[in-house]
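My questions will all concern the structure given below.
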Amino acid sequence: MDTSQTLLVFFGGLVPMAAIAFVLGRRKALLSDARGARMHSLPGQYGVYVATWMALPALAIGIVAACAVLVGVRVPAAPFVLSFALFAAAIGFAMALRRVEPSLRARNAIEKFVYWTLFAASLVSILTTFGIIISILFEALKFFNQVSVWDFVTGTNWSPVASFRPGQDVADSQFGSVPLFAGTFMITAIAMTVAIPVGLFAAIYMSEYASYRVRTLAKPMLEILAGIPTVVYGFFAAITVSPLVVDFANYFGLNASYTNALAPGLVMGIMIIPFISSLSDDVINAIPNSLREGAYALGATKSETIKQIVLPAAFPGIMAAALLGISRALGETMIVVMAAGLRPNLTWNPLEDMTTVTVRIVDALTGDQSFDSPETLAAFALGLVLFVVTLTLNLISIIVIRKFRQSYE
Amino acid sequence: MSQGISLTPSRQLKKRYRAERRFKAYCVGALLLAMAFLVLFFADMIRQGHSAFVQTQIRAEVTYNEDTVKFTSEAVDESIAPLVSRAFFRAIPRRVENNPDLMGTTQSVWLTANADVDQYRKGYTDRLEPEMLSALERLTSEGNVGYGFNKGLFFSGDSKIPSNAGLWSAFVGTFYVMLVVLAVSFPIGVATAIYLEEFAPDNRFTQAVEININNLAAVPSILFGLLGLAIFINFFGVPRSSALAGGLTLSLMTLPVIIISTRAALRAVPQNIRQGAQAVGASRWQAIRDHVLPLSLPGILTGTIIGVAQAMGETAPLLLIGMIAYIPDAPTSMTEAATVLPAQIFTWAGMPERAYVSLTAAGILVLLSLLITLNATAVILRNRFERRW
Amino acid sequence: MTGDTTQVVRVPTMERPRVNQSTKMSIGDLAVWYGEKQALHGVSMDVYENEVTALIGPSGCGKSTFLRCLNRMNDLVPGVRIEGEVVLDEQNIYAPEVDVVELRSHIGMVFQKPNPFPKSIYENIAYAPKILGQIRKRTDMDDLVERSLRRAGLWEEVKDRLSSPGLSLSGGQQQRLCIARAIAVSPSVLLMDEPCSALDPVATATVEQLIDELKENYTIVIVTHNLQQAARVAGYTAFFHLGNIIEFSDTDSLFTHPREKKTEDYITGRYG
Amino acid sequence: AEQIRIVGSSTVYPFSSYVAEELGATTDIRTPVVESTGSGGGMKLFCGGVGDKTPDITNASRRMKPSEFKMCQDNGVTDITENVVGFDGIVVAQSKQDDAIDLSREQITLAVAAKVPKDGKLVDNPYNKWSDIDSSLPDREILVYGPPTSSGTRDAFEELVLEHGSENIDGYGEAYTKIRQDGKYVPSGENDNLIVKKLAQNKDAFGVFGFSYLEENRDTLQGAKVDGVEPERDLISSGEYPVSRSLFFYTKNAHVEKVEGMKDYVDMFLSEQMASDRGYLKNLGLIPLPEDRLKSERSEWESRAKLKASDLKG
Amino acid sequence: MTGDTTQVVRVPTMERPRVNQSTKMSIGDLAVWYGEKQALHGVSMDVYENEVTALIGPSGCGKSTFLRCLNRMNDLVPGVRIEGEVVLDEQNIYAPEVDVVELRSHIGMVFQKPNPFPKSIYENIAYAPKILGQIRKRTDMDDLVERSLRRAGLWEEVKDRLSSPGLSLSGGQQQRLCIARAIAVSPSVLLMDEPCSALDPVATATVEQLIDELKENYTIVIVTHNLQQAARVAGYTAFFHLGNIIEFSDTDSLFTHPREKKTEDYITGRYG
C-alpha cells in the first residue's frame, strides 16, 4: 500500500465512523433527555464529544506513525498501523459513549478541545522559526568547522577556489564576508535614502493634508507598489534602470558598471516606499488628535504642528518602521540577483558593481559547486548571519512599535 | 485689556506661511514621485511587453504527403520555410496522425513566424539572412504577412522556441500552489489568530508567539527557501519542484500575513458583542463562532486575499526548491513538477534570445493584472464590508 | 444671590412598600485587583429579592467592577484577581464547581451602550434560548420572542419587522431589545450598568418605567451616575468611593439623611 | 513516475531542455522536466538513490568525480551509463566594433591571474593594460567579465587556460591558484543579457563564456582567437581550438524500464536529428561530436554500458 | 420617605460683583452642520469681558461644538459647515480676511483631557511664544515660563524639574500646565472644555480656584457637565439643549429661578 492509499483508507474509514459516533452520542443524550434527566449540554454537543473522542486516538496514532516513517524509524506495515488506529478509535468511542450522562459537561469538553486545537495552530509559527534555524544551523556549523568564524566575520577578501577537481586546494579559499555585507549595506543605504524621505513625506501628506478623496485614491496606488512582485522589480532594475544609470553616469563623464549598486538600490527603495509610508501612516495616526489641537489652539500652523509636535512624538514609531524597512532591504533577493553584480567589491562608489549576501546565497546554492564544498556551505553561514541580523532589527522595531502604541492607547 | 487686536496675518506670520507651503510641497512631491514611478514603471512594461501579445504570421501553402511528414520542412515552399517557427514543422507528423484526412491535401494557412522574423518586423533585431529578407519582403507585398493575437502566450506552456512559449503551465502551477497555500495557511492562520486574540493568556509565551509572528513577517524570503529545501524536501520527502513543496513553503510565508490581518479583523469587532453573548450564557467559543467570526469574516478574507496575492508573486524561495526549471507541461497533481508565473518570468528574463525580453515583460503584465485584480477585490471587499462601530 | 446662599434641587421619589426583604444575593468581603491595582477593597452587601438596588459613586470608584463580579463577567478581564464570596441563593458563585456559563444564564446583564447582536431582532432574542437548549420548537420560540418583547415594552413597536436587524432600531429601542434578550432566558437577577446613560430623556423615561415593572419578577442591580435616577427607581442604594462601600441603605435615608460626610459631599455635588 | 526528471549542468541545460521539448511535442510522452542545478548539484540529487523521488538523468559539463561515483554506489545507484553529447567551447569575446585580436593562453593568464612572475618572483598582478603584458597587444585596459566561482565554466577556464598558461610561463614556479580580485576580472552571471550590453558599451572589455552564447549574439560580439585559433564550430569540434570541454549526461539504468520515455529521450538526444553536425542543437551552440564518436556513444547507450570506478580515474 | 417629598441638594455659590459688564465676544445666529447633521441651530449670545461664562446641557447638545467655534477650531473637522457670526472686539472672526492662526494665538484653549506636548515642562510653555516670535531672548523666555507657571499655580511644584517631561506630572498638574501653556502667549479669551472632568476632586478644586483667579485678567468660557461646578465658578450660565440655547442668564437666576421648563427639568435631574 502506498502513502496515498493508506491515507485514503485512513480518512475514508475515520470520517464515516466519526459521523456514526456523532449520531450515537446524540441519540443517547436525547434518550436520557426524554427520560426527563436534566442534561448539562445540548444533545448535539454530546454527539460532537463522542465523535471527537473517537477520532482523536486514531489521529494521534496516525500522526505518530507518519512521523516515525518520515524520520526513518522502522514501523509495522501500514495495514497493521491502520487496524491498530481503528481499534484505538473503537475504544475511544466506547468509552466516550459510556460517559454520556446528564452530568457530563460535554460543552466544556468541546470548549477545551477547541482551545487546544487553536493553541496547537499557534505553535506552527513557532515551529516555522525553529525550522528556519535548524535548516540553516547544521550546514552553517559544517562551514564553520572549516573556516573560522572570526575570519568569516572580519575578513575582507571573498575568493573561494573552485573545488571541482581533486587536488584543488580548498585551503586557498578565503571567506571574508565583509565585502558581501558592505555591498548589502551599500544597496540597503541607497534604498533607504529613497524610501525613508519619500515614504515618510507621502505618509505625512496622506495622514495630515490629503482630502478623503485623494487618500482613497493614493492609498491603493501605493499599495500597488507594495504588491509588485520582486522578480518584476528585478527585471525592471536590470533591463531599464541599470542602463539608464549607466547612460546618466556617462553623460556626466563618470564610469558606471552595468551591474552597479545604484540601480538595484533605487528600485529596492521604491519597493520599500509603501512599507515605510503605511507604517508611518499608522504611527502618525496613532498620535492623538488632542496633541494637534493643543498646538493649533496656541496658534501654530499645520506644518509647525507636524514638524514640532507630531513627528517628534511619532519618532520612535517611524524609527521602528525604518528598521523594518532596512531589514527587508537586507534580505531582499530577487532584485539583487537579477540586477546586482557577483563581484565581492569593497568600495564606496555605488556606480561600481558589488555583490550582496543574498546574491551569494542564491549563486552558491544554484551554482555548480558540489553540495559539500565550502562555497555551498558558506551560503548557509551567510544565511545564518542574515537571519541573526534581520531578527535583531525586527525584534527592536517590533518592541519599539509595541511600546509606542501602548503609550498612546 | 487688549483692545483692537489685529487678526490679519503679520509679516512674521507670512514668513511662517511660506515655510508651511514649502513643507506641504515636499509632502506632495514625495507622493507625486511615488506615483510618477508607478506610471513610469507601467509605461515601461507596456512599452516592452505589448508587442509580445501579437505575433507575426505568414500565410503559406502547406502540403501534407508522405514526404512532408518525414521531411517536415518541405511542407512549405523552400523560400518560406526558414521564416516559419519550428514548432509548426515538428508537429506535422502528429497533426496528420490525429487527422488522417489531411494526408494528400494542400492548404493555405497562417503560420507563426519564427522569432527572428518576428523580432525583425517589430524592429528589435536585424539579423535576417538576405534570402530570408527578400522572401519576407515578397510575402509582405503579397499581403501574406500580418500580426495575429498571440494565443500561445496564454494557452501553451514554456518553450525553448520563443514564438511557441507561453504561460499555461505556469497558470496551472500557480493555481495548484495557491490551493495549497490557501488550504494550509488559511485554517492555521485563522486558528492562530483566534487563539491569540480571544483565548491566549497574557503571559511570556503568548508574547513570544506574537513577536515571533511579527518577526516571521519580515524574515527574508530566501530563508524560507532554505527551510523548504531542508524540511519539506529533504526531511519530509515532498517531491522536489512540486506544487506541494512550493505551496507548503509559501504557506509558511503567508501565515503571518493572515494571522496579523485576522487579528485586526477580530479586534475590530467591539468587545461588547462578545460580552453581550457571554452575558446571556454563551460560552466563549460559542460567542466567537456565532458572533465574532461572522462579523470579522470580510476582514479575514481581505487579509487572506492579500496574503495569497503576495505569495503569488514570490520567487526567491522557489529558486531553492527546484520550481525554477523547464516545466512546459501543466501539472495534473500536487506532487508533479510545477512552475509558477513569477518563476516563469524569472526563467524568461535569463534567456539569451532577445525575443524573451518582450515575452518577459508581457508575462509581467499578465501577472500584474492578476495581482491587481486580486488586490482590488480585497480593497472592494474591505470597503464594502468595513463597519464602523 | 449674594453671600452664602443655598440652592435647591428637587428630587422626586416614588412610593415604595417597606416590607422586610429576603436576601437574593449576599456579597462578602469582595476584593478585586486589576494586575497590581486594587479596584475593590473588601466590599460586603446584600441584594434583596425583587428589589432594585442602585450603585452610585464618582467615576472609577468600582461600581462597574462590583456589578460585573456578580455574574463573573470580570473573569474575562485579563490579569484580574478576585477574592471574597458572592452567594446566590445559598451557593457561592465563585466556588470551583460552578459553571460560569451556566451561571450567566441565570443572571442577566444589560450594558451601558446598547449592544444588540448584528442579527435580526428575532434572532437577538432567540439566540440564547437556542444555544442553551431551552427551546427547540420553532413555535415555542416564536412565543418566547413575543413574550420577551412584550415584557420589554417593545413588541408593539417591532412586531412587524422582527426580521430587520437589531441595529436598525433607535438607541432606546436597542436598549429595550437588550433587556428583552436578557430576560428571554428567564434569569432571576438582572444587572444593569448605566443602562440609560447613552439614551435621550424620553428613552430614559421608558426604560426607567420598564425597570419599575420588571422588579415584580426580577431582582435588579443598577449602576447609575444620575443621582436622580437612583432616587427614582431604586429601593436601596449603595454609595461607592475609591473601591469601598461608604454607605448602603434604603434610598430615601441615603439621600435625605446620609450618615457619612463623604456621601453628603457627593450627593450635594462637591465632587464627582 | 510518469515524467522524466533531468537535473544538472547549466551548460547542457539548453540542449537538454530543447530535446525534452521536442520529445514532448512529437510523441505522447510527457515532456521531461529539466532543472538546471549545476553539475555538482545534479550529481548530488542523482546519486541520492533509486526511485520515484530521484532524477533519472543528470547532465554535467565535466566528468563525474570518483567521490560522486562512490556516493552513487553507496546509495544503490550502481547501474549508470555515461554519455558524451558534444563539446562546449569557452570563448573570449569582445565587441564586434573592436579590432580582431589574437590572445595566447599565456597572455590571458598574465592578464587575469592573481599572481604573476616578475623578476623571478611571484608578485601581485601589476598589469593594467594589455599592452603592459605585450607591446604587440592593444593599448586597452584589462577588463574581463567572466564566470563566478560557483560556475563550472569558471573551473574549466581556469584549468584549460590559466593552469595551462602558468605552466608555460617562465618563472611561474608554483602552481597557479587564483584569479585576480582587484576588479580587472569581474565575475558575472553567464546567462545574462547584460553581459552583451556590457561588451557593446565598453570596448575595452572581454567576456568569457560558453560558445553558445557567442553564437546567439553574433550580431554584436566577436570571439578572440586563442593561440591563433578562431572559436569556430569546426575548430572547436576538431580540438584545434584549445579551450573546450566535453559535455556529459548520466543515465540511471534502473529507471529506464520504469519511467516512460526515458529510452526515447536518450535516443533522441543522441540522434542525427539532434546531436549530429546537421542536428538542431548545433543552432543552439552545441559543438557536435565527430560522426564516429557519436556512433560509438550511441552504441554505448544501446548496450547500457555500465560506468565503473576505473573509468573515472585519470 | 413616602409621598411626594422634596430632596435638597446644596450648591454653594460665591460672592460676585454685580457691575454692568462690557461684551468681549458676541455670537450671532451661529449654526453648525457636521455633514448632513445640524449640531447648532442658530445660537446667539454674548460673552462678557473678565467674566466666567459656563455652558451646560446634556451630552451631545452642542456645548463643545459651540465652544470650538469661538476660536475656529471647528474649521479643522472635515465636512463641517459653519454659518453666522462670532464677533471678537468688533471684528467678525469668520470674516474672510481673518487669519485663523493669528486668531488662535489670541484665544487660548484648554481641553477635557490634559494634553501636554511630549516635551519638557519648560518647552511646553515656551513652545508657542517661540513659534509666534513673541520672545527671542533666552532670559525673557525663562521669565515668561516662570510667570506663566506661577499664574497657573504650578511654579512651586515644578520649579526644580522644568526639564522633566510634561507627561510625568499628575493629571491635575498636567491640566494646570496646559493652562499655563495657554496663558503664556497672553490671549485675551480662554476657552475650557470640561477641564476638570478627568481630574480627581482635589485637583478639581485647585483648578476651580485657579479659574477664579484668572478671571481678573481673562475672559473665560467653560463647558462643564457638573452643575455644581458651573454654580461655583461661573457668573453667567447658558443652558444648551439639542443644539439650541434654551436659557442664558446670570448663574444665580438660572439655577434658582429657571425661566424654562426644560432648564428646570435638567437641573433637577429629570434627564441628562
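Quick notes on this structure:
Read from first to last, the chains carry the letters A, B, C, D and E; within each, the first residue is number 1.
Please note the rule applied: a contact is a pair of C-beta atoms (placed from the backbone, for glycine too) under 8 Å apart; a residue touches a chain by one contact, two chains touch by 3 or more.
Which chain is which protein? Per UniProt: A = Phosphate transport system permease protein; B = Phosphate transport system permease protein PstA; C, E = Phosphate ABC transporter ATP-binding protein.
From a predicted model like this one, the values you see are computed outputs, not experimental measurements.
Touching chain B and chain E together: A, C. Legend note: the chain whose CA centroid lies nearest the centroid of all displayed protein CA atoms is A. Here the largest set of C-beta contact pairs joins the chains A-B. With centres defined by CA atoms alone, the chain at the far end from chain E is D.
Chain E has its Cα centroid 85 Å from the Cα centroid of chain D. Centroid to centroid, with C-alpha atoms defining each point, chain C and chain E lie 35 Å apart. Distance from the chain B centre to the chain D centre is 34 Å, each centre being the mean of its Cα atoms. Remark: chain A and chain E have CA centroids separated by 52 Å (rounded to whole angstrom).
Each of the following residues of chain B touches two or more other chains: 16, 237, 283, 357.
Multi-chain contact residues of chain D (touching two or more other chains): 36-37, 189, 193.
Listed for chain E are residues 101-103, 106, 131-132, each touching two or more other chains. Screening every pair of chains for touch gives A-B, A-C, A-D, A-E, B-C, B-D, B-E, C-E. Contacts from chain E toward chain A in the complex involve residues 71, 73, 76, 78, 101-106, 108-109, 111, 113, 115-119, 127-128, 131-132, 178, 181-182, 185.
If you check the complex, the residues on chain B that touch chain E are 1-10, 12-13, 16. Those residues of chain B that touch chain D in the complex are listed here as 86-87, 90-91, 93-94, 125-127, 157, 159-161, 237, 239-241, 322, 324-329, 336-337, 350-354, 357. Across the complex, chain B is touched by residues 3, 5, 13-14, 17-18, 20-22, 24-26, 30-31, 33-37, 45, 52-53, 189, 191-193, 212-213, 216-219, 280, 284 of chain D. Within the complex, the chain D residues that touch chain A are 9-10, 36-41, 43-44, 61-62, 65-68, 148-152, 154-155, 158-159, 177-179, 181, 183, 186-189, 193-194, 197-198, 201.
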